[in-house]
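Dropping the structure in here first, questions after.
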Amino acid sequence: MHMFEGFLSADWWQVWLGAFFTLAVLSFLYKENALYRFAEHTLVGGYVAYRVVILWDNTLIPRLRDNMVRDGQWIYLFVLFVGLLLYTRYGPSQYAWLARYPIALNVGYFVGLRMAMLPRPTMVQITAAFRNLWVTQDGSFVFSATVNEWVIFITTLTVLSYFMFTLARDWRPTQWSGRLGRYLLMVGFGASFGNTIAGRITLFLGRADFLLSEWLKIGG
Amino acid sequence: MSIWERFERINPRFIFLLMLFVLITPMIRPIGLPVYITPLTQALYDWVEDLPPGSVVLFDSAFAPGSASEIEPTMRALLHHLFQNDHKVVMMAQWELGAMHSSTVLDELAAEYGKEYGVDYANVGWRAGSENWFIGLRDDFIGGMVGVDMSGNDLTEMPLTRDLAAVRPEYFAGVVCFASGNPGVDDWVTYNPNMPLFVQATAVQVPTYMRFVETRQIEALLSGQAGGAQYEQLVGQLGEASRLMDPQGAGHLLIITLMILGNIAFIVNSKKRAAK
Amino acid sequence: MLEMVQLASGAKWGFLADDGQAVSGFCMMMIMLILTYYVITRARAGFPIPHIRKIAGLEALDEAIGRATEMGQPVHISSFRSTVDQQESWAFWVYLAHTAKLCAQYDTRIINCVSDEISLAIHEEIIQTGYLEAGRPDAYNPDDVRYMSNQQFAWVAGVIGMLERERPAAQLLIGRFFAESLVLAEQGNLIGAIQIAANDSAFQLPFFVATCDYVLIGEELYVGAAYISRDPVMTGTVVAEDMVKMALFGVMIVGTLLETFKAEGADNILRTWFNY
Amino acid sequence: MKRELPMLLALGAALLRLFLELSHYQRTEMQWQLHTNQWWAFLAATAVFIGVINLCRLHMHRIRRKVAHWQMSAWCLFVMASFGLYGILLKGPFQAGNQEHWFRWIFDSVLQPADRTMFSLLAFYIASAAYRSFRMRNLEATVMMVTAAVLMLNQASIGPMIWSGWGDMAGWFMDIINAPAQRGLAIGIFLGSYAMVLRMFLGLERKHLGL
């Protein structure tokens, strides 16, 4: 039996543990069961621990050990204090409102970022909607390219007109173009869906490949 | 109940079972469907071929192990290509699990080509702080990384990373972003538009990123496993992606067949319902 | 205290261009800000504000919670990546507050699964406030706000396990979702829950459109968040948004005319201005 | 203190960030933004134990009340505590232990396969979703179905085998219809989300502060 090569060695355990958890999760397709629950709770507990470890190792400790103590940036002590105010939610209820300070600071800082940065990638998209509706090459008219440009132009405008909520929403042309826009949006969604299936199948193929060639050692 | 009525109300478990069968069979007995190379994959290959020797390429693993089957083949093939041409690789990660997963791949390939850590490749990993952290790298790479790599080695002491002051074109030849969602490509496009950006995305994201390709914000875009299979062919290192293209086709055929049958059932049954 | 960092590139004048789209983005910000301020002042002064067109998914929200109440089963509302830095999360908080209050009034359990620590504190606060506003502070059950790790598929494993074991009758998937969208929506469908999705990610909308009963597409997510309170001041912000949209139609049409009729090799003035 | 100060703090933080982003701080030579970003990143990281607290509370309740499957709750807490403490204490609490061999080994052999398999369930769900929802119920569903089918055949290299122009046709759907539709959607989303941001900025939305 190839499956038992290197029985009980670290590599053997790795493959068998992997196979066990793979099968445990796949069993959910039949119904929710004890094996799945076991994998589920391992995954949740394990990843919570993993996040704590990686933040501890890569952010909390280097900042406090290197930046604060070694380089003397004592502001991190203040930041740490503000951050710890969040935990007052779990203490006596008369101090729970203190948690609003770190929340307000965290959210507010990103509100500023979004205000400044949201328009940035969109500007390129607006200028990309400027189309040349009469394409010529070396002085002669190109039919297919012109049709494509028209389709692109109309699709952009009609899709955007679907999202008219208050102004001009009862105007007949807006309603019609909005409806057309919705159909074109569905074509786009269909394209996304069709393109995605490949990716999703790949994910399972990766697992099946593991089970067949690494665990059972057949095929391939 | 007619067969069509039964078919319309089929238990999803039967579909799961059929799918399992259809996907596993061609893995054991391959058919050998052809692979077509797209211009967007060729663009990445050509860029690597034209790089001056010893260039430093930044890898950004913005994916979790979950989507590794789609992304890892390209990462492997590209590492083969880069290491064969004597280029250097610095790996960072916008996803915390990406850091862990890719370090395994990187170590494996580096060992195969006898590359030395800190000289030919380095792995700086992930840091907390999402966009705040990411934007900071544009101006101070080492400071943003808190001065250490993933294992806690000092970045200023390693020959490769010592001079990498910022994530800018002066220091890195380009970024290859291995993206399976957000954060990922959008961050590069928004906050660091000057870096030449090459993307291996999961297939699901490709339609959305097409608009970046059109506006030249992305230089090359590889789509899921198909992209991996194409790159493997270009480099001549056939691997997982090329092998799994057959079941891929079979799976698609099954879904299309099911769709057609489902629609026939739907039409037959709605005629019956109308007749009643 | 702050260390001096050697400048790697030339100085930049922020407000005065030289950095990509800074100026046009800044103008856009000022226009939106002034318009919004103007419209909400009008609304506060009691001038009439145009009505918002009907959004089917929003009407269905109350209905779904009502159905869960009738069946005596909980309501599940979640946004996967509800980190505090995303505008989707901010919209989600509005829906969460609304749902929590309704659930408290109807005496229905509300289950919320969270994937971010700071958001966890915020969601607890929001739901608690909802119960307080409904006059039933002691009915709030802290065990129904659950942290299921911040990793996508651990979170999904926890949520679909919960769906199977606790069988909510309504599932509201609002906010930011990635690949897990389809798993949650299909599993919700298998347990027969009524499903409403609201999403602005072009990757995931196709799946929600294919599998959910009602979907708020893209911008509708944010407009719904303004509309849900039925407050004229909030609705006013949507009017400002529509004004800018009308202006952008004009910009696109003029830009296209310029592009079509410009001389060979000339620059499009509007494009230059927008890109700056 | 309870109501106004948090609002003011949020406004102050937003204005600070807005100024830093728009002014292009490189001029100041002090790289203020870089440092403020690092402080805020650290602030966010200090919240990490909230999740641990929540998970402990939930599962402790379950164990105490002996609800169904309480053994799993105990297992979950055990995994979290043992794996977490092992990672932190492995090389002493002040040294990074996450790249150590056995820590990675556990990650690679337990968490990673379960995570990847969880994701791979999508292959099955997408098949059943496609089967169930792609019906010619109305025009909307039909156009979605037809484009999906065209793209699927192309992805699987089957389309190009039937007709050499298939790839171009799929490309046409992607570039000429899909890309501008995404663009229209994106511009709409930008406007909607910007209005949302302004509502936050102006203090109209303050649900997160419990107000």
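Letters A, B, C and D mark the chains in the order given here, with residues in each chain numbered from 1 onward.
Note that contacts are C-beta pairs under 8 Å (C-beta built on N, C-alpha and C of every residue); 3 or more make two chains touch, one makes a residue touch a chain.
This is a predicted model, so every value here is computed, not measured.
Among the chains present, the centre nearest to the common Cα mean is that of A. Centres computed as Cα averages put chain B at a distance of 28 Å from chain C.
Distance from the chain A centre to the chain B centre is 14 Å, each centre being the mean of its Cα atoms.
Centroids built from CA atoms put chain D at 17 Å from chain B. Put simply, the C-alpha centre of chain A and that of chain D have 4 angstrom between them. For chain C, the set of residues that touch two or more other chains comprises 5, 9, 20, 22, 26, 84-85, 87, 90, 118, 121-122, 125, 147, 149-154, 157, 165, 179, 182, 202-203, 206-207, 209-210, 217-220, 223, 238, 241, 245, 248. Contact of a single residue of chain D with at least two other chains is seen at positions 22, 26, 31, 34, 38, 40-42, 44-45, 47-51, 55, 69, 96, 98, 107-108, 112, 114-116, 118-126, 128, 130, 132, 134, 144-145, 149, 152, 155-156, 174, 178-179, 182-183, 185-188, 191-194, 197-198, 200, 208-210. Counting partners per residue, chain A has 25, 28-29, 37, 39-40, 43-44, 46-48, 50-51, 54-55, 57-59, 63, 75, 86, 102-103, 106-107, 109-110, 113-120, 124-126, 128-129, 153, 156-157, 160, 163, 185-186, 188-193, 195-198, 200-201, 203-207 as the residues that reach two or more other chains. Taken pairwise by the contact criterion, the protein chains are fully connected, each one touching every other. Within the complex formed with chain C, the chain D residues making contact are 22-27, 29-32, 34-35, 44, 47-51, 54-55, 57-58, 61, 68-69, 114-116, 118-119, 121-122, 125-126, 128-130, 132-134, 144, 182, 185-189, 191-200, 202, 204-205, 207-210. Across the interface of their complex, chain D is touched by residues 10, 13-15, 17-19, 21-22, 24-26, 28-29, 37-61, 63, 65, 75-76, 79-80, 82-84, 86-87, 90, 97, 100-119, 122, 125-126, 128-129, 148, 151-153, 155-160, 162-163, 181-198, 200-201, 203-207, 210 of chain A.
Across the interface of their complex, chain D is touched by residues 2, 4-5, 7, 9, 11-15, 19, 22, 26, 32-33, 36-37, 40, 84, 87-88, 90-91, 93-94, 96-97, 114, 117-118, 120-122, 125-126, 128-129, 142-143, 145-147, 149-154, 156-157, 165, 179, 182-183, 185-187, 189, 200, 202, 206-207, 209-211, 217-223, 225-226, 233-234, 237-238, 240-241, 244-245, 248 of chain C.
Interface residues of chain B, counted against chain D in their complex, comprise 10, 12, 15-16, 19-20, 23, 33-36, 64-69, 97, 100-101, 103-104, 127-130, 132-133, 135-136, 139-140, 143-144, 148, 150-152, 203, 206-208, 210-211, 214, 226, 245, 248-249, 251-256, 258-259, 262-263, 266-267. Those residues of chain C that touch chain B in the shared complex are 5-6, 8-9, 20, 81, 83, 85, 151-153, 176, 178-179, 190, 202-203.
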